[in-house]
């Protein structure tokens, strides 16, 4: 029939045009990536075993599922066209509505696919459980992470230092993170190293990561938490052992001690740039805060405050306006990565 | 499922007996009653979720008083007795509605039910206010929030049911025992018994488990 | 309409049984709790089981749900609801308990 | 008492600062001015729109008609149409918001023109409106209109409750609209996770608007679910066993069951948040034993079944469309029914997949991941059942079928991304990213929306007596399809590149080209909606030429096509007796359609009732009063509800009787017309010759 064929042509052209656009874009975005040399921000360019396993899993699940999905995509236009109204010499059986063969196929094949998929699902979920320590001969590096509006505070309890905006890790050594927030719920994520995990006030979640090559990776919060949300990014730097030791020294020598007063400034609603304006010194890198010492058990105390059983009026809750924050960042308080 | 054929047979729920002549009314009533059952089940889910929330929050006392310090077994037993008895008295009203259709015993049993319901509500309110006097209001802790989310919701249902009962007493006076009034009484009965079931959950999970 | 005495007494008996059983099933756990009649863990189980039985008693004797065919629809509805409730409430308790274990322990 | 005290007593916390341009006047910076102008413009559109509507109604003296024929009507067909009109109005707003979101992000490298606050309101209202006030009213409207006619009933079981449900939904929608003019809406997304939405962090009226809009519509939807389920259980025509019900009715039943059991968690969670905010409870607060994780848990106990509430009716539409336009019985009816039931039940067992990343154990994650993947099986069965329905059929490329084909190709891709998300280890990498946004729009637009649009084209003639314009319809369909692809496939890529959702701007220039493509897509989608409006106008103008009074324009198979178009108020002059799954198709083949019944009877119908409107106004006022802390108004309107209900319960005149003679006269006139018309072959289906009498000799010949 006429209208049918017209429909078909139209579709073909659109598809071709889209394909061309997408290819162009792919090429473009690769170019862009090189030109700016930004920190890696995708698990498709993994820099550690966790992200690599996730990428692998991603590809396999896609391929296996395509076995049942592709036929639907191909058969839809094929059947519609072949059995179009007015087509010559094709069977027409208006009452045919059942066939055991097809029934078994359409229930059976997807079931088999799901069975196949369930094995890697079960295994990977257990292997990549963020609480599950990574296999390694080295003792994990312990980092405590506190989510604030709108930056992350990293405490290295064993090294006795803390940073904001930059998290350095040694290559090849597992990293064991303990996370909480001193405001609303957030989600901690370094795509190139591994998946995300929520962080919540009064609670502690865990995450295990490992970087297996030196590099710079983007880290961020992915759970919306107010008007400076998009600024809550940081740089993850993986360094060879020596370089890492050196970095720790740098933080110690260039930083200032973290104390209650400074933390009180830091935990107000503000972006990293705004905090830097308040606390930073010329010795620190731009928009990155170094703390040369941290009060003992600092992380535990942040958690404990929410479990004390005493009411926390808004003024006592970091991340509220009442606590002294301003609910939107000032125009010159904008930060990201690569800018 | 047997729903294929519409059931025009007389309703077997005790408490309703519309008589042979009301074929249409029967199917009508059946739909209405079934609909009410469905509503009750939806409400059941609501309560179930509050029970689950309560169960996950019993320990969240935030340093405030816990169940042992707050619940008074004596007053709970009286409340429970009143409510159980009220289910029976409502049953008696339904029974008289089904057999005999004389208005007087129905009204008397309903009044008894109402009394018991109001006694229950009074005692419960007293419980709440004495808890609040002890500084144990919902603002004190997660546990108390969960408590005050669950138990007063049941109380609110009982209050609604009592109001409905009063309306039905008036309607019996105004309209007499018409089929409409009867199906309404039937639904009210379902509601009343249902609230008893919820209360069984409350006294078991909240009070008894809390005190043991 | 004529009053059917046999039926009346049968129905009355049902309500009386219901009240009797309900009172009994209430009295036992209350007494156990009041007089500390069992160690706490046993007590919790008993409260749970007796409560459950009582719920069934209410359904049977006050709400007149049984296995007869006219009640089948209501029964199915109730059982389906119970299934969902077990999934929802049970799931909630399972998940929240697990989360508490993994996050609150310091 | 000072003037300000008095003001607070009467108007609560409403004040000048609640007006959309106040910010701009206070802080006249460029950014404030741009955002102020947009906000004021939006408010003005709402206010002017309302005023123009009032003016036009007054000018053409339509208040009486509007009141007595529509607002107080309890006829399921009219209520259904009003739901869809509501969906359309809300849609217009949500689409503009989507366009603003896309435009902002296209311009979002290191900035953009919208403020963060404004952007947050946009995605929150967009999500809330699309789900609760566009998709839900649309599908509820469609079921309302179609389902009773498909089962051979004259109305739903509880017609007045139906009108009250509409009232509650409309009140919720009105609250969202009012938030444009007075105050601001919530900013934490349609999911409104605390503690961000707790009073400590968001003391303003925004979250309260969300709470009361959601609570009202949630209660309304629960009632709708009860109504539909009871109707389908108790009001089927004789002979229509469950396994003879059309598939659309089956999906309506499953959707209704989901509504009955999935709305209570939403009601609970929204009211619990309200208790936290208004009465200092600690369900979800930081500290004092609150547990915010339970919010996510309860919300998704609703939220996941909700997405199947949205998709199942669309599946129902596709079932009808594939079989009707293939001129063939539906393949695998029983399979489809069991698949639908399986999806409905399974949908209650997977909610945790929305928070795999919260920190629970691997066992829990794996169990819920597996259960989630299992849903793919029945869904796949359905897709292949539809494909097999085309197999050895005669497929006509009408507008509904085009949507159905596009659905079949695109939806499975969304399913593929869903299966990926179902794997916890993968979800850890794409959760909260634009990949997720792409997934769900891939389900919602080609799945739900195309389904609703197919249904709209399919049943429009039944509702209004004339077909929609075919050419504009096709153009619109192609625009929808290509617009969707352009707007959302880039988001998959962006998500994999690590871009999060809900972000007003970004700092990675590699995102920009994808953003620009998505912007083009959003513009194409806007064009698509525009063509849809044009189509409606054109169709109304040419309604005479496209009239199908006999009522069967598509050679339909189920009972709704056996009556006139538009359907008579009582649907069926005589309740039909059903002997087959495709009752009307069989009747046509056996030449028993269009026959006079042996006798007519009086028909009892429910009378109009103002209850729906009363509840709508009172419920809306209650929500508004609570948002603004006008306690007196809150108490008054809360009291008005039981008063109205009790008063109504004393009203005994709830039924009217249509005399048999009137029914006969109308029915006979229609039959006479049907006998006069020439049956139209499918070749001429979309031509003006189609007056709604189908020629099915070919179908007969080949059996």
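In order of appearance the chains are A, B, C and D, and numbering begins at 1 in each one.
Operating definition for what follows: contacts are C-beta pairs under 8 Å (C-beta built on N, C-alpha and C of every residue); 3 or more make two chains touch, one makes a residue touch a chain.
Everything numeric here is computed off the predicted structure, so don't read it as measured data.
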Central chain (distance from its CA mean to the mean of all protein CA atoms):
D
Distance-wise, how many Å sit between the C-alpha centres of chain B and chain D, to the nearest whole number?
34
Could you grab the centroid distance between chain B and chain C? Build each centroid from C-alpha atoms only and quote it in angstrom.
14
Rounded Å distance between chain A and chain B, as computed from the means of their C-alpha atoms
49
Taking the mean of the CA coordinates per chain, how far is chain A from chain D in Å?
32
Hunt down the residues of chain A that sit against at least two other chains at once, touch-wise.
131, 200, 203, 205-206, 307-311
Could you list the positions in chain C whose residues touch two or more of the other chains?
73, 81, 84, 88, 92, 96, 102-103
Could you check chain D for residues that touch two or more other chains and list them?
233, 261, 265, 287-289, 291, 293-294, 298, 301, 358-359, 361
So how do the chains connect up here, line, ring, star, complete, or something else (other)?
complete
In the complex, the residues of chain B that touch chain D are 1, 3-6, 27, 30-32, 34-35, 38-39, 41-43, 45-46, 49-50, 53, 56-57, 60-62, 64, 138-146, 148-149, 163, 167, 171, 174-175, 180, 184
Chain A residues touching chain B - in the complex, by the definition given at the top:
307-311
Residues of chain C that touch chain A when the two form their complex
102-104, 106
Could you please specify the touching residues of chain D with respect to chain C in the complex?
233, 261, 265, 291, 293-294, 297-298, 301, 348-349, 351-352, 358-361, 364
Please name which positions on chain D make contact with chain A in the complex.
31, 110-111, 115-117, 120, 187-189, 193-196, 199-201, 203, 286-289, 292-293, 326-335, 355, 357-359, 361-363, 365-366, 369-370, 373-374, 376-377, 380-381, 383-385, 387-388, 390-397, 401-402, 405, 408-409, 412-413, 415-416, 419-420, 422-429, 431-433, 474, 478, 481-482, 485-486, 489-490, 493, 496-498, 500-510, 512-514, 517, 682-683, 686, 698-699, 702-703
